[in-house]
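As structure tokens, the structure follows; a few thoughts come after it.
First chain written, first letter: the chains are A, B, C, D, E, F, G, H, I, J, K and L, and each begins at residue 1.
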Amino acid sequence: MTVVKSTIPESARQVTGDALQSTLVDLLGLSLIGKQAHWNIVGPRFRSIHLQLDEVVAAARSHADTVAERSSALGIPPDGRPETIASAYTLGGPKDGWVRDDEVVQAMVEALDTAIARLRKRIDATGEPDPVTQDLLITITAELEKHRWMFVAENGPGGSA
Amino acid sequence: MTVVKSTIPESARQVTGDALQSTLVDLLGLSLIGKQAHWNIVGPRFRSIHLQLDEVVAAARSHADTVAERSSALGIPPDGRPETIASAYTLGGPKDGWVRDDEVVQAMVEALDTAIARLRKRIDATGEPDPVTQDLLITITAELEKHRWMFVAENGPGGSA
Amino acid sequence: MTVVKSTIPESARQVTGDALQSTLVDLLGLSLIGKQAHWNIVGPRFRSIHLQLDEVVAAARSHADTVAERSSALGIPPDGRPETIASAYTLGGPKDGWVRDDEVVQAMVEALDTAIARLRKRIDATGEPDPVTQDLLITITAELEKHRWMFVAENGPGGSA
Amino acid sequence: MTVVKSTIPESARQVTGDALQSTLVDLLGLSLIGKQAHWNIVGPRFRSIHLQLDEVVAAARSHADTVAERSSALGIPPDGRPETIASAYTLGGPKDGWVRDDEVVQAMVEALDTAIARLRKRIDATGEPDPVTQDLLITITAELEKHRWMFVAENGPGGSA
Amino acid sequence: MTVVKSTIPESARQVTGDALQSTLVDLLGLSLIGKQAHWNIVGPRFRSIHLQLDEVVAAARSHADTVAERSSALGIPPDGRPETIASAYTLGGPKDGWVRDDEVVQAMVEALDTAIARLRKRIDATGEPDPVTQDLLITITAELEKHRWMFVAENGPGGSA
Amino acid sequence: MTVVKSTIPESARQVTGDALQSTLVDLLGLSLIGKQAHWNIVGPRFRSIHLQLDEVVAAARSHADTVAERSSALGIPPDGRPETIASAYTLGGPKDGWVRDDEVVQAMVEALDTAIARLRKRIDATGEPDPVTQDLLITITAELEKHRWMFVAENGPGGSA
Amino acid sequence: MTVVKSTIPESARQVTGDALQSTLVDLLGLSLIGKQAHWNIVGPRFRSIHLQLDEVVAAARSHADTVAERSSALGIPPDGRPETIASAYTLGGPKDGWVRDDEVVQAMVEALDTAIARLRKRIDATGEPDPVTQDLLITITAELEKHRWMFVAENGPGGSA
Amino acid sequence: MTVVKSTIPESARQVTGDALQSTLVDLLGLSLIGKQAHWNIVGPRFRSIHLQLDEVVAAARSHADTVAERSSALGIPPDGRPETIASAYTLGGPKDGWVRDDEVVQAMVEALDTAIARLRKRIDATGEPDPVTQDLLITITAELEKHRWMFVAENGPGGSA
Amino acid sequence: MTVVKSTIPESARQVTGDALQSTLVDLLGLSLIGKQAHWNIVGPRFRSIHLQLDEVVAAARSHADTVAERSSALGIPPDGRPETIASAYTLGGPKDGWVRDDEVVQAMVEALDTAIARLRKRIDATGEPDPVTQDLLITITAELEKHRWMFVAENGPGGSA
Amino acid sequence: MTVVKSTIPESARQVTGDALQSTLVDLLGLSLIGKQAHWNIVGPRFRSIHLQLDEVVAAARSHADTVAERSSALGIPPDGRPETIASAYTLGGPKDGWVRDDEVVQAMVEALDTAIARLRKRIDATGEPDPVTQDLLITITAELEKHRWMFVAENGPGGSA
Amino acid sequence: MTVVKSTIPESARQVTGDALQSTLVDLLGLSLIGKQAHWNIVGPRFRSIHLQLDEVVAAARSHADTVAERSSALGIPPDGRPETIASAYTLGGPKDGWVRDDEVVQAMVEALDTAIARLRKRIDATGEPDPVTQDLLITITAELEKHRWMFVAENGPGGSA
Amino acid sequence: MTVVKSTIPESARQVTGDALQSTLVDLLGLSLIGKQAHWNIVGPRFRSIHLQLDEVVAAARSHADTVAERSSALGIPPDGRPETIASAYTLGGPKDGWVRDDEVVQAMVEALDTAIARLRKRIDATGEPDPVTQDLLITITAELEKHRWMFVAENGPGGSA
């Protein structure tokens, strides 16, 4: 069923659609693991990190919505169903059960590191086919890099990140 | 690792924990399929249902948070990771790709029907072991039943729901 | 015309529907007599009671809406038409024309006394068939009992209520 | 009991009082049938009309309050008790039980048609005895005519209204 | 110095200007005596009337501003200087020093009675020369009549107003 | 295609419709020239007039919406398309390119002068056929006369306006 | 002096009144020791716990108000005077003078543990005599259990709570 | 009259100025036809599309302001006068008089299609001479493409867009 | 009639009462002349000074209220009646009719100069008898000196102030 | 344990600390008796005084917080524990059980009278050792004296206060 | 001490870090000279420019924060210490003491001219190494160019800028 | 160039001006080093101190504005230019590059210690020449002492401050 004709040529639509779909999965996954950590964190920094994680979740949810609607706007139906996220998500996250605050910080740094590296590749790939999508990915990268810095800074001068 | 001692006896904690964990999965799943439909719906009722779905998503997210934090408060670490949702979610939802508005309405009615039936069983099960959890499940049921009615009413006089 | 299939069994639906319909009439009636007193009160406590009555009206209107929508959610069409209220309303209220402030206070105490006694019976009746409806009636009773206390306290140490 | 001396002569007070009292009944009745339709509407336009009806109800309630307080300000105690509305209300409304969305639209157009025709007669009647009341009736007519147009427009090009 | 040419003919400007200037004095005077009573009232209704008076003052100040700016808009410089108010104000008010709450109510009823009677004459006078000004005076009269009613109602069934 | 039956007689509808349509064109035109001046003004009063113009634009847009919807409410489809405004607009405005602040003030005074004169004629014409429309035109005139005064006052004691 | 007649039978009133009065003392006491800790805490988690304590205080104050007003609504005058709190309060709290952050966390966990155990007994006791009061106690328990979890989680994986 | 010296070279200023001026005309035109449709739409989707159109108008007005002020910032006086819009606007729109809801949707899809195609050419053209302007055009394109998708989705699975 | 016993000795009460009463007259007078200038100012700085004057009026009204209520709190009934202001006010202000913007600025500087000099004497006089009143006068002086500076700065480098 | 070194000399710290600690006890006690009266008041002025008491409580709580944090800032740990308030509080308050409105007013006047007299002594004592603390005590005195006046004024012309 | 590993390669990090550090100095410097002018400006445009300068300061402060945090996010510690700003700032600003309004406008135009020219070079330099940083610099340039235009327009048709 | 004549005598103006100018430098410097620490802090308390520092910066900026405008109000042009701050600032702050959280806390305690000691001397010096300025310095000291306490408390029981 073809419903929404794209405003960009077919070739551009392919690479842009792939970039948006994988960004959508990363962001929905981040929102789920962020909440998981928000609920299961323990340790002396509980309250501070508990609140910080909710800001990451809010950002991830909001950007996921923008990314999915941009995909629709280009005539590419986005896919954010539970089974899709579970099979496509690759950024890792906290383990099951209670998690110590320093483990949470480390898991978030690693998940954000991977997310950012993948986004930077998509920024390169979309500049030519669709600068509008590229601009959106740049905005998301700026925010995730800010959150990554704050988790890294939590780890302090001896941190390996 | 035992971290949070429960405020209720061990036996009560078991049944209450199960009720909360499966409610958490249902609500996170609903928030994901609600968004999926929000992005992929097409048809003359697009805008109306598109907005209505976001109210379901907001309710599901907010209640999921309360449910997970109640689980933590009882000493039971909640599990809302991507792989858990994908394997445990059973309420169905819209198929992949663009979906007609009447199909979306039907899918939401069916998902909410199942969710409500499952919640009513948990209300029965938790009244004795933990009336505080029961009260929370009653609140969630009231809101989901309201959303279900509105989707059913959309289907109008000939609807089979 | 059957439109909305109920989420509770037929027998439960009957008693719950009756409880909701009579609560709806009581609340719509209270909102009307509250406004009538708000407009017609005279005496040295005019301003104080005039404002207090608007809080009762706001509560009655808001709860009436929730009660009627809960009825719809259970597949029972609520009835709040002018002729229904007029024939079914039994809580009394201020007489026609200007009313003295102490008469208003007395009339509100009596109307709320009756409304509360009826609600407490419905709380007993609905606990088994539908705890979700029972929880709603408990919430309404708590608020009406608070308003009743404030009118009784207005009557002071010599009040008979 | 004469409490509030009027600021206008006796003859003016009579016709103005009649205009205000019958407007009060019309508006309170509209607020009740608007809510009735809000709760019982079914069909593919459910959500859209459901929300629109609440705007009519809000307008009717707000103007009813202004009309009743203007009556009091002129020394004429207004009457908005349940039995008065039931016996004096003549604008019609939706039938009992679930109502199809197109029937709701038609019922609202007819009720508003009658209300507006009655208001325009009162505008003529009050200009001489009390221009302050006339100005209020003009304001109400403007808003009801706007709501009527929106329901008529819902019926579209083939509508008979 | 002629600065602002009027948008209405010279004859219309004269009568309209007079109506606006005397309304301005009445409203500024009301705002001053309202505050005077707000500060000096004593008695069991202190708090209730103290707050009510501030609503009169807010209304008087706001309308005074609109009236004066309307005068400027018609090319007639308004005059609200202390000496002008003192010499032109004729509505009375509370006496010097502490004032009992019932005396305050009576003084406000009398001041508003006079203000309203004067406004109604100006409504008659301005309809022909400037319906825009007339509409403003109608609005002010509606609000002052509402405030008058509330003070009269405070006096209750035995009040002479 | 006749869609919306009017609430006023055919003859009244003609003159009222003409008044509303030409007011619509004047207001949409004012909103366009107000923005044009807002963007192109230069001179020592740049910031002050730049901000003042946006208030005129906001008023013109808001009133245009009310006027057009009132036309629809009377069964007369309003016409605010680009070509209609361009051909029917007669109030003048700033010339192309940068404009000195005193020239902007003068252009606004002249455009508002003409708009007000035209509105006052329509107030006279609509009082009989539709007092509801007349009341709306009075409100618009009051606001435009206030804006005109403020631009005239900017020109100061030597201004010719 | 009997002032407010109860809406529940005498026997029910006794047990409900006792439950409310002891809950009132617990909550007022919690609000005082929460503030004491808020002012006297020292250590590397100062700011985080300092803010968290204010949320406990706000919750305790708000629920204390609801509990006391519910007692009044049932005809039982609540007692929250300084001497009553001092003699009846049994939940402990921080010692005099500066207190280390880990000691504060431990003291809050212990005070909340006791408060929750006492509340759960009152939930059992009030279900029969007054389900409205029971519902209120359930709500308070839910919030205190959430605050307790957050303090326990602060203690981290090695915490004994 | 040269007033504002540009911050970019003369050649860059020419192409950038052309891009901004034609974008300004497109956006002002869209705001006018959006309002025209908002007022004249009829049919069962009246309310839904009526509200959606106002969001397009708000976006078009807001972006038009930013575009015009950016032109001024580059030393190029923007031109948004009625006659300019009428002669330069080429995106089409609804015909005169009442318009069916499906015709409105179709007209908006077509106007947005053209606007987007033109914007994408300007994005290409401005990247070199002024990346700041390019970034603004990208932002506008993203929003118009989102609005276009929502109108297309309204047309549903059989839509030709 | 002695109503409010003072919290300070009789001698202190005398000097403090005088300071408060004359400050009240100065502030009420400033609020009246500020509005007079707000309405009658003409010239190229019309809008800027017109808005600035309203900030002075708001400050004067707010402080007048605090001053009068402080007087009441000390058992001294304040006097802000029209005749009192007219006879006791000595700070000058704009002349009758339209006033040029530079004349307004000069009149405000002079009125504020006098008001400040009088306040500084009262600060000296009240420090001993009532430091609470002194603190209030210091606050008022700080704000009036800030407003005075802004009017002086308007006069620029050649100003004589 | 010495934690916070003071910013003022040891001798100054002693007298300032005493002033702050006893002010803290007075304010916390006032907040408790204010609430006690808020819940137990009966009589025709119930609503008016009920609301007024909550303003006293809000002020007392807010100032208590500022006072305690100022004590901490000077290196003196404040003591607001239940047992401390109970043993140190000396301002009196309403008796146990329902209290008539006139008795409440009298009790508040007396408690505030004592609190103010004590504060004025502390203002004298702290001016030399710490003017920053003195300034805070002056602010609190101003607000308590305002509340005292309003309760005294409630008692009216025959009041003995 | 290496703390935050960069998300971009070493070479890209160097040029990006330099661009961000010098932008930080420019923005902090602008915020200081903007405030200096805000406090010291004199002349007939005092109020208008005084307010405009605060908008520049708010923009400069907000962007400085974003720029510095972006630098941290890339692993480059930003330097905004007083001595760094003083030694590195090169944009000029108002001289010491009172400054005439036209001199302030001229100084702001010149400082913004230089800042914009420097930013445009950094936009060119960062596009390759870090498009995320480039996007931020584009946003800042757009806002500074808007502020520059408004100061230039203040200078009017004869301005040399 | 003498522009603003002072409201206090020449001798008083000298000492007051010096106090204000050095306070201005201290506050602007604090706002810069507070931001520097906000951006460069690392360690397990990162988020907590990062947020706390922004509250110090907001307070310092707000008070700096008040201090500078008070200086202007007294006829003394304030000096907050980059070079002035750099040469006159003496309170220290964090070193260049990343800084550990405990070092940040220590640096803030020391800077605030010095700032407070300097302010207390100025409070002594200004009481006689200008009590209005003294009152402002008291307010600033109260807030800085509160911030100092919170940083000291962060250091906990073993802190040397």
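Operating definition for what follows: contacts are C-beta pairs under 8 Å (C-beta built on N, C-alpha and C of every residue); 3 or more make two chains touch, one makes a residue touch a chain.
These figures come from a predicted structure and were not determined experimentally.
Least step count on the touch graph, subunit B to subunit H: 1.
The chains in contact with subunit E and with subunit H alike are D, F. Between E-J and H-K, more contacting C-beta pairs join the chains of H-K.
Among the remaining chains, the Cα-based centre furthest from that of subunit G is the centre of F. With centres set at the average Cα position, the gap from subunit A to subunit B is 24 Å. As a whole-number value, the distance joining the C-alpha centres of subunit I and subunit K reads 41 Å. The mean-CA centres of subunit B and subunit K are about 50 angstrom from one another, to the nearest whole unit. Centroid to centroid, with C-alpha atoms defining each point, subunit G and subunit K lie 53 Å apart.
Across the assembly, subunit K contributes 1, 3-4, 42, 44-45, 48, 69, 72, 98, 135, 153, 156-157, 159 as residues in contact with two or more other chains.
By the document's touch criterion, interfaces exist between A-B, A-G, A-H, A-K, A-L, B-C, B-D, B-G, B-H, C-D, C-E, C-G, C-J, D-E, D-F, D-H, E-F, E-I, E-J, F-H, F-I, F-K, G-J, G-L, H-K, I-J, I-K, I-L, J-L, K-L.
Subunit E contributes residues 41-48, 50, 98, 100-101 to its touches with subunit J in the complex.
Per the touch definition, subunit D reaches subunit H in the complex via residues 44-45, 48-49, 51-52, 150, 153-157, 159. Contact residues of subunit C toward subunit D in the complex are 1, 3-4, 28-29, 32-33, 35-36, 39-40, 42, 61, 64-65, 68-69, 71-72, 77-83, 85-87, 89, 93-94, 96-98. Across the complex, subunit I is touched by residues 1, 3-5, 7-8, 69-70, 72-74, 131-132, 135-136 of subunit L. Those residues of subunit F that touch subunit E in the shared complex are 113, 116-117, 120, 123, 127, 134-135, 138-139, 141-142, 145-146, 148-149, 152-153, 156-157, 159, 161.
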